[in-house]
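Residue numbering begins at 1 within each chain, and the chains themselves are lettered A, B, C and D in the order written.
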């Protein structure tokens, strides 16, 4: 109901302009939406780290919008050598091969070391403690099989439209993956 | 060059003004919060301390260096007449003391290890079998391995025995010269208190020491172990540390060879370095530190993990050490200093 | 064709070989004797896809309810509860992303970047509010936008913003929209999402810089009505343009206006416009017509000046793109080497660039060309916005009633209660005398 | 003031809620900044303790202390996370209470609208509109100003224009193109493209007829011992000191200094270069030119390629040069190949190598390590025994390489101690000087080790120790640093005549037509008959000291003194203006 119904039923000039503009905008939006809709597969995207490109720079621990980063270390047990001296668990110059604090590389002691059988030990990650600093990832990749790697944990990640870590990632390791397959796990050591 | 006395030249002055204007301007506002963080990474895995060797410890210097004919090198060995045998790709090349190419043996699969007996017979270790050649390169025999999953990574040829180190089944097989298996060494055996080998990556090596015992590297336990020909463990030495006197990373040493006077030369990867220990295991000196293998060290740092690094060494009759760098595919000749 | 097939075949074989070599180098896990079985890594699922479709459904429903509340029910209380619901659902439950304010960037990024497929839900979140605005004005801002709802909640004592200041500040949303879209189009990143001051509140965590900005906006929001929506929100700029041509418009009075001026101060967002006296005074009319003529002639000049100024911006604006920033740092490192710390992002990215500098520089070159074009457009856009605003200010609107400005009105329905006719409609007041014939 | 109890209660709750929010906010901000030092990975204390433990591993109390400290920090870290989480909810609740109370209080005090008559509504709205227009114009100007400031303050180092990008992105390909029209051999022969002429023989075919006089003299702004090279109407010399090294270009006919360009910011080259011995200096190696570019190398290992107009094409750092007396071997050029004999090491070889670069891009074509210590001779390139050979002299090996791929052709162990004189190819033999010991002639057609079989003849008489020999036809001439000039037969090495010029000689002699030019160190230019009879044709005294060898090109003789560059020509040529 416009301000005052036109006296002679004809449409006022201003109203005609308005209808024309509206029609044009509608067609414009329609064309844009159509162009994108044809390519859209109905899927939705979430962010994930490509372990092959991660440079272990430490940004994941500090740049995430969450206080405790949504990026955690993940262990590919199929790739692990179960070494007695795990270079991802111990300092480069370990005092002795025990789980004492001075020998541990992880700043928040998030890696659990359990004995399996001589000489093998299993290393598992406690996600409550892990802050995603990638120190163990660098240690394991530098000397071992590279079975420790970083992944965004999607029970924690808020899926920001532009991931705050992706912006500053030096290895451009972040990319969007479909919601149904939100992880890029390491199955073999490449 | 910008004279020192001028505070900053015109372009930088505008830079400063732009930065302030930029902070209020939209483009700049975005920039203020975008760039990474300070210049130090509190989570850096710092082993730079171990990548610089104390010059006083370095006892050898590089005389010359020549490329090897094929890529994807793995092991090298010295023949009786100081000929160098390098296995790379599907070939074993025999090189003269000055690097000229001589005999070339083409093999069916990747050549993993090589050993040459005093009488010139060449033993080429492929993945799961050994091929025997005479000194002219004619194929003489093919010795099968007892287990299809075998992965030979080290060979040593003695007077009438050939020892083959199998990194996959964690055992050193003893062949006699006819190709029959005469014994197994190093298998886990509580009775003979042999702890067994840990070999996370395919680098098990065996040498016949002049004192009549075998020396086998146990990379997972960071030790070099001495065995008799019948498999009794006589002793072991080695300390797991990145410091210069120990063996670094998850599985080192990866290569052994012995000098004429019985001292043992060890090769390590991850922090690539070649060192000399006394026969009983005291650290003595460094042949080449990590700084002389930049590409090899880099192979373990960037994206791929440490399966592409690796070094092997061999010693000729007058004490010169030949170091094969798997990453740069070249052989360096090192001569004792002074 | 056959040649290409052969080439692809050879490539495949080589890759297989490379893989085989690598895999062959690596051992399978050790075979344990005591029956230890390999644990598998836990992979908690991301938020289900149907939940995202549900969000789109809730958005459409909320928009419908908002339109009904504004035009049919004309109830401020209803809109208040709807905005509380939106704050709770779209804000604190859904944590904001991907919201209509950020979605235009995804659309432009999808248009200019073939390998990014825009999800269907983002299409709905971007176009639905715009289409609704083409018919019913800014119903989205009224009760569906969580950011708006948050500012509405804290509005305590609205202060009127002088017209000249409001007109000046209302240019900023279009600047932010322009910058956001050129940075999205060139693939630099989503600056609109990066500098959204209220999303950190929904996430309950964020950087100190952005949290202080958010707190500052909320403080300001207590006295200046919806500061972000009026003076910064880029999507608000789009909705404003759409609602200028909307089919229906919000009207203070349910039927006719008696110019009783009771509703004059009722709009906290300064959107109320009083009736303009008919332009009978010839002296004014001629001056206005001359000024309008001059301003219309000035428009193309402003656009050209904007383009020229914008093109100057390209090198500086391009530095925000990570690839261009890397090329800059690599080139600067060649002439004046800087010692970065061990394994810092800067040193690692330089290491990566050193492996193939030519690729880095070529990529930077392409981006710089795209930025040249984009900044040229951005400059023109600013010139156009300012030119059109100047023209809009010198056109005499033929208004006879007190009615909210089509673009500025956020359809919050606060002004309805101030109108006596509304009170009559609600039955709170007897009809006083006979109403003037319409 | 409406003081109804409800209003006062609401106001009070608002104040309390506000104070509560400020308190919680303050604690959280304090925790945030205070954590900067005692997070388990950032705390300097913990890192220091770990360093101490690495020093003495068996220290029990130290281990206990580390464990306790580590546990404390980790517990603090967990505590801080929990605090932040609850703090956030508290803040949310606090602000909600504050806002509701304040809103209710404000609602109570709401005053109903009392519209006053506004007589001048029309004029007011027009005034407001015009003020709004002016403010909009102001905003427009401000935004345009911001854009311009940001644009001008652009500190981008990447090129701005499209063709600047082209140059940056494709330097190598740009050079490929001109290879096609590389100057033909005749052009090289017509100029003086490298040390001692195109083939390093020090001879030029044309003749001067009369005794040359000084046509012009120009000051050389930087010290150096490199000989001048000439191409077309330009003369190039290099000069420099430890902190700045430059190339100078003069006009050959007028002597005007056309341009000078510093070779600086060479990627990888250390800013501070080690001291070079004073007598050799930084710019002893002579430059080389190939018709399109000139190349200059300096003692600190900087190598630069410049266009004829002085613009830098590429620069390269060849690593620190360990040469006891300072690197002085000159560059050699053949077609598009640039050859550098980089011999290093005090008594043992330390990375000596022969490098062949592609002139256009500086790309290394091939590189051979050489089993020799430092040397100061310049390699020559000859066509002999059907192959283009590079002859290099050093202690003790004379080695010949093929130009194409640098493989070793033959070697002879004939030389010892400091090898300074360069080899010369004359009379079918390679004439080489073992300084102060023997002058030998070597047949260049052998393969492998030709030490015993390759030497045609050798003589121990009047063997030079610095100046290189020069030969023409069947004769070979040498000059010792003491000033004794000698003539030998090229095919048998018999001495024909000798004379004492009683002046020290550093520069290598040259033959122009049939005149032998010998340049004394103190400026005495002696001209002898380059024939079987000894006949001094003339002697002129130049006011300078000379260490660099002469260059003969387009009708002139160019000499580089310590302070000036001289151009000598036929006396009747018009006297060009003195600069």
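Throughout what follows, contacts are C-beta pairs under 8 Å (C-beta built on N, C-alpha and C of every residue); 3 or more make two chains touch, one makes a residue touch a chain.
Because the structure is predicted, anything quoted here is derived from the model rather than measured.
The chain pair with more C-beta contacts between its two chains, of B-D and A-B, is A-B.
Look at the CA centroids: the one farthest from the centroid of chain C belongs to B. Chain geometry summary: the mean Cα position of chain A and that of chain B are 37 Å apart. If each chain is reduced to the centroid of its CA atoms, chain C and chain D end up 52 Å from each other. Averaging Cα coordinates per chain places chain B and chain C 58 Å apart. Within chain B, contacts with two or more other chains are made by residues 18, 22, 27-28, 34-37, 41-45, 200-201, 302, 304, 307. In chain C, the residues touching two or more other chains are 22, 26-27, 175, 189, 194, 205, 207, 313, 316-317, 319, 343-346, 352. Chain D has residues 41, 84-85, 147, 150, 152-154 in contact with two or more other chains. The part of chain B that touches chain C in the complex is made up of residues 18, 22, 26-41, 43-46, 48, 72, 168, 199-202, 302, 304, 307-308. Chain A contributes residues 52-53, 55-59, 61-63, 81, 83-87, 92-94, 97, 105, 107, 118-119, 133-135, 138-146, 167-168, 170-171, 189-190 to its touches with chain B in the complex.
Taken together, the chain A residues at the contact with chain D in this complex read 67-68, 91, 93, 95-96, 100-102, 107-109, 129, 133, 135. For chain D in complex with chain B, the touching residues are 41-42, 145-147, 149-150, 152-155, 264, 369, 371. Residue ranges of chain A in contact with chain C, taken from their complex: 1-4, 14, 18-19, 21-22, 25-26, 29, 32-33, 35-37, 39-46, 55-59, 65-67, 74-82, 116-117, 120, 122, 124, 138, 145, 153-155, 157-162, 164, 167-172, 176, 179-180, 182-183, 185, 188-190.
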